[in-house]
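What follows is chain A paired twice: with chain B in the first complex and chain C in the second.
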Partner chain A sequence: MPGWKPPDMTALPTRKLEAWRYTDLRPLTGITFATPPALSAPDLPSLDLPRLVFLNGAAAPEFSADLPFAGAFVPPDAEDVLPLAQINAAAARDGATLSVPAGQDAGALLLFAQAGGETAFAMHPRHRIVLGEGAHLTLIEIAKGNGEYWHNPVFDIALAKGARLEHVRVQQESEAAFSLCTIRAEIGEGAAYEHFTAAIGARISRTEIHATLVGEAARADVNAVELLRGTQHADVTTIIRHQAAGCPSRQVVKAVLADDARGVFQGRVEVAPGAQKTDAYQMTRALLLSPRAEMDIKPELEIFADDVKCSHGATIGALDDEQLFYLRSRGIDELTARAMLVRAFLDDALAPVEQPQARGLLDEAIESWWRRS
Partner chain B sequence: MSVSTVEALAEQKYKYGFTTEIAMEEFPRGLSEEIVRLISARKGEPDWMLEWRLKAYALWRKMEEPDWARIKHPPIDYDDLYYYAAPAAPAPKSLDEVDPELLKTYEKLGIPLNERAALAGVAVDAVFDSVSVATTFRETLSKAGVIFCPISEAVREHPELVRQYLGTVVPAADNFFAALNSAVFSDGSFVYIPKGVRCPMELSTYFRINARNTGQFERTLIIADDEATVSYLEGCTAPMRDENQLHAAVVELVALEGAKIKYSTVQNWYPGDEQGRGGIYNFVTKRGACRGRNSKISWTQVETGSAITWKYPSCILQGEGSVGEFYSVALTNNFQQADTGTKMIHLGRNTTSTIISKGISAGHSNNTYRGLVKIMAGAQGARNFTQCDSLLIGDQCGAHTVPYIESRNASAKVEHEATTSKIAEDQLFYCRSRGLSQEDAVGLIVNGFCKDVLKELPMEFAVEAQKLLSVSLEGSVG
Partner chain C sequence: MLEIKNLHARIGEKEILKGVNLSIPDGQIHAIMGPNGAGKSTLSYVLSGRDGYEVTEGEVLYNGANILEMAPEDRAIAGIFLAFQYPVELPGVGNANFLRTALNAIRRKRGQEELDAVAFLKLARAVVKSLHMKEDFLKRNVNVGFSGGEKKRNEMLQMTLLQPGLAILDETDSGLDIDALKIVADGVNALRSEKFSALVITHYQRLLDHIIPDMVHVLAGGRIVRSGSAALALELEEHGYAGLEAA
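After this line comes the complex of A and B, so read on.
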């Protein structure tokens, strides 16, 4: 790739930073990340949707639809406050640039990223999504691959008044990969950002979402599931900033952890002075399927306005023996019964995903995870 | 409520703000090895105690003040403090020898130090600045085999117990303020309840900071031997002063097999004035170890005072089936800052913990709940329930919740819930329509909000705590 620079490993955040308390990136430091090799034959999903394809971090126009609202890559600002975005800023050479004009419904779009190579490599795409007033887009994102690599995408999202973006991510990266994704969304008056992440792949993954509600009655929905096994580690970190009055936010995060897996959820809701009538809800539940699995949760509320309704809840536990017994007594075999309970456990995190293709994709991803585990 | 009424009410009263003029003995300002030696010598301590202090002092010198809490204050000049202040007269043998001025002080505070004590049935160990002034009811207690005395006395008379337990729950190296306390602690209470004994009365210590520029560094150690039970009350006040004063206490609790310790605090140190001038900096390390099977430690705190509260009473649940509880009300008004919560560390099988925290913020204050629930791999069948509720009064204050939940055992069940809200208009309207004033209505609703915690307090404390909540909120509603 032209202009490629190796990532600045000294800029990696350490566990000494409170925001990185539960996710240790030291495993990355021992690896030399080379230039991404060329990848020519992608394994495209059979989804009947216009798509943008990125192979090893580079746009692949030959596999992509020609979209009127897609533009050329715009390099990011050189300086960034977030350590991973800073590394991305120095190294980003490609990414999707989407700008849906006011009043337009752009329908659903697939953003497909595939990675693979003989030796370890790193890619730092920078995606930009801008929706004009009243515009709509459903962005379905699939990230997959094989081999050892580091995928460090950054999304910069801006939603104008009354715009709506559904963003559904299915992260099925290689189990030797590092997937560290930063998403920043600025949500204008009456606009809505509806996010869903399924963190299924990667050796270490983190999805860090900063949703800033800047206009009145703006809305952020951030839902996620973590489905982990082996020694996988997944971290979902959210920062929802209520800066305007009358904004609702809703977060439901579910983790199902098998073997020695470790799940992390850190979620902070910040309510600025003057952001009255905020209605913020957050729920995290973890199901430990193995005695060696670990879940760490840090739900945070930071509130500077008095007329607000903010709540969070968190639970960690195992499958309920009584529920299992109930199903077994109805003649359902143990494995099916467990699958049913796990599926039911995930349900209210999945419920907000209404787009049928996105929903189908998620159901399939969960199904195949369960079969493998 | 109109602006003028708010202003009129804003003149918040701190009724414990008087000072007592009595001759004090103080060591020179600042902290050095010399001061540590002086304190130790003044206490007539054995060599091992001095060694212990010096070790802690050396550790402290190398440590840095923690900065992770949500509190802001100008840097504390540790070399500008007095580390020891005591009434100048030699230690009294009985109540009659106690300086009458001092007794008057306690009378004003409403402490049952003399005859009233008998009626109230409370044994009080009153700590005035740094020295334990008088300890009542020692006879009754000693009949039951209970040791309740100033810790300085315990160091001399029960060295085997002190050496066995001191610093085993909160080691000197634990944190900056614990190290400082270990080096310079001047007094505090020592309690030992022998095997199978239920302490015949509630034990109580009253702390008061009187002298200017003094830090208060008391150290409390409570040991409940097998099947023993004790309830301990602690209250705190300080005079009104413009400058800030430092309080860095350490409390260690040890519960052996089947033992139960209930530790209740009403903390009403001077909170500073309505501009945020003055007030106590309260940096306290409190921790209990449930070492024996089926032991139980219960912390109840009502925190209405101090300019800054930095305090996390914790339980280490080591013994199988042991129980930890934390019930807390933290109220901040004006420019007060509280960063408080608990840690429940589950090590043993079938250990359970309950956390109920109620935070109330008013004025320009900031109130943070910070807590950790940690389930270790061996804590089979452990159970935790946490509830943190915050109430905001006014739009200039902040309420924050920072819970850490870490589980490494699939058979453990952890539940956490938190809410933040303001006083509902319909609740207020209901009370007002029954003829209650705005102030009384808010007081009533706040007390209702805190009920789950207040009901855990011993009766005499519960009454005081309710009054305190109302007084502390004066001038904050409108």
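After this line comes the complex of A and C, so read on.
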């Protein structure tokens, strides 16, 4: 890739930062990340959707649709306050730039990122998504790969008045990979950002979402599932900033953890002075399939307005023996019964994803995760 | 044919069943009555294979096979159905999906063809109608938000669809009004045939006005202490269980 530089590892956040207390990135520091090699034969999904394809972090126009609302890559500002975004800013050389004009429904789009190579490499795509007034886009993102690599994408999203972006991410990266994704969304009056992440792959992953509700009645839905096994570590960190009045936000995060896996959810809701009639809901549940699995949950509410509704809850448990027996007493074998209960456990996090192809993709990903466990 | 021979079972250190002997030939309905704490629910759970109960002695044969060695799902496939006293809620599991998965699991193991979604729904809707249930039963999550009566009806729906050879009703009548009681009775009576048998566990006689048993047994102190015809239930209703435990 022209102009590629090695990532600035000195900028890597450490556990001394409160925001990184539960996710230790030291395993990254012992690796020498090389230039991404060329990847020419992608394993494209059979989804019948227009798509943008990125191979080892580089746009692959030969596999991508020619979209009227897609533009050329715009390099990010050199300075950034977030450490991973700073590393990305210094190293980003490519990314999707989407700008849907006001009033336009752009339908559904697949953003497909595949990675793989012989030696470890790093890629730092910078994606920008801007929706004009009343515009709509469903962005379905699949990230997958083989081997050892570091995928460090940053999404900068701006939604104008009344716009709606559904953003569904299926993170199925290589189990030797580091997948650290930062998303920043600025949500205008009456606009909606509907996010869903399925964190299934990667050795260490983090999905960090900053959703800022800047206009009245703006809405943020941030839902996620973590499906982990082995020694996988996945972190979902959200920062929902209610800066205007009358904004609802909803977060449902479910983790299913097998073996020695570790899940993290840090959910911060900030309600600014004047953001009256805020309605913020947050729920985290973890299902531990093994006594060695671990879930860390840190809800944080910071409220500076007095007429608000903010609730949060967290539970950690195992599969219910009574439910399991009930299913088995009806002739359903134990493995299927367990799969049904796990799927049911995930249900209310998945329910908001209504786009049929996204739903199908998630159902398939969950099932294939379960079959492999 | 169900044959329970000298069945002893315990939970932890506590022995609950202390030598139960009982045979139910095909085509017959037997009732088990008894005071609270007699071991009625333990018997139903031991028969259906729930964890936590240790059989220390005796055997249970169903059609000649020792069911105590079978997993719960294999007992269901062999034809045993337990109608739960407290049906379990399954949030996130749709009733239709649950019923179809169960029915097809059993059909597959019994060498019958699986039903596709269309064929299943047609069958399930017919059963729902025959049990005077609302059609939205199939769309709701299993037992979630169901009233006590609706949960028991849902048990009957499952039983009717799965076509067991032996149904065990564990105090299915508890907490039911007369209409719901009749639905349970209709569900069982509709299955009556030479190949179907049932074990109706109840604390009260009133269910047996609607499901006429071939025999009534009294379970007290972990043993069957008396057996008799349907008239025994009336006698118990009149005189209570006092004094039976010592018998």
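As a convention for this text, the second predicted complex is superposed on the first by the 373 of 373 C-alpha atoms of A that agree within 3 Å, B and C clash if a C-alpha of one lies under 4 Å from a C-alpha of the other, contacts with A are read in each partner's own complex, and residues count from 1 in each chain.
Note that a contact is a pair of C-beta atoms (placed from the backbone, for glycine too) under 8 Å apart; a residue touches a chain by one contact, two chains touch by 3 or more.
These numbers come from a predicted model, not from an experiment.
*Asks:* Given the touch rule stated above, what does A:334 touch, chain B (first), chain C (second), both, or neither?
*Replies:* It touches chain C, and chain B stays clear.
*Asks:* After superposition on the shared chain, which partner residues are touched by A:326: those of chain B (first), chain C (second), both, or neither?
*Replies:* Only chain C; A:326 stays clear of chain B.
*Asks:* When the two structures are laid over each other on chain A, which of chain B and chain C touches more residues of chain A?
*Replies:* B
*Asks:* Just checking: does A:315 make contact with chain B only, chain C only, both, or neither of them? Give me first, second, both or neither.
*Replies:* First partner only.
*Asks:* Would you sort A:227 into first (chain B), second (chain C), both or neither based on which partner it touches?
*Replies:* The answer is neither, since A:227 touches no partner chain.
*Asks:* Is A:366 in contact with chain B, with chain C, with both, or with neither (first, second, both, neither)?
*Replies:* neither
*Asks:* Of the partners chain B and chain C, which touch A:345 in the superposed model: first, second, both, neither?
*Replies:* Only chain C is touched by A:345; chain B is not.
*Asks:* Is A:18 touching the first partner chain B, the second partner chain C, both, or neither of them?
*Replies:* In the superposition, A:18 touches chain B alone.
*Asks:* Could you tell me if A:307 is touching chain B, chain C, both of them or neither one (first, second, both, neither)?
*Replies:* A:307 sits against chain B, while chain C stays out of touch.
*Asks:* Can you name the residues of chain C that touch chain A in the complex?
*Replies:* Residues 48-51, 71-73, 75-77, 81-82, 84, 87-88, 90-93, 97-98, 101-103, 105-106, 109, 158, 162.
*Asks:* Quick check: in the complex, which residue numbers of chain A touch chain C?
*Replies:* Touch residues, chain A against chain C: 321-323, 325-334, 336-337, 340-341, 343-348.
*Asks:* Flag every residue of chain A that touches chain B in the complex, lowest number first.
*Replies:* Within the complex, chain A contacts chain B at residues 18, 273-274, 276, 286, 288-318.
*Asks:* Taking the complex as given, what residues does chain B use to touch chain A?
*Replies:* 68, 375, 377, 390, 392-422
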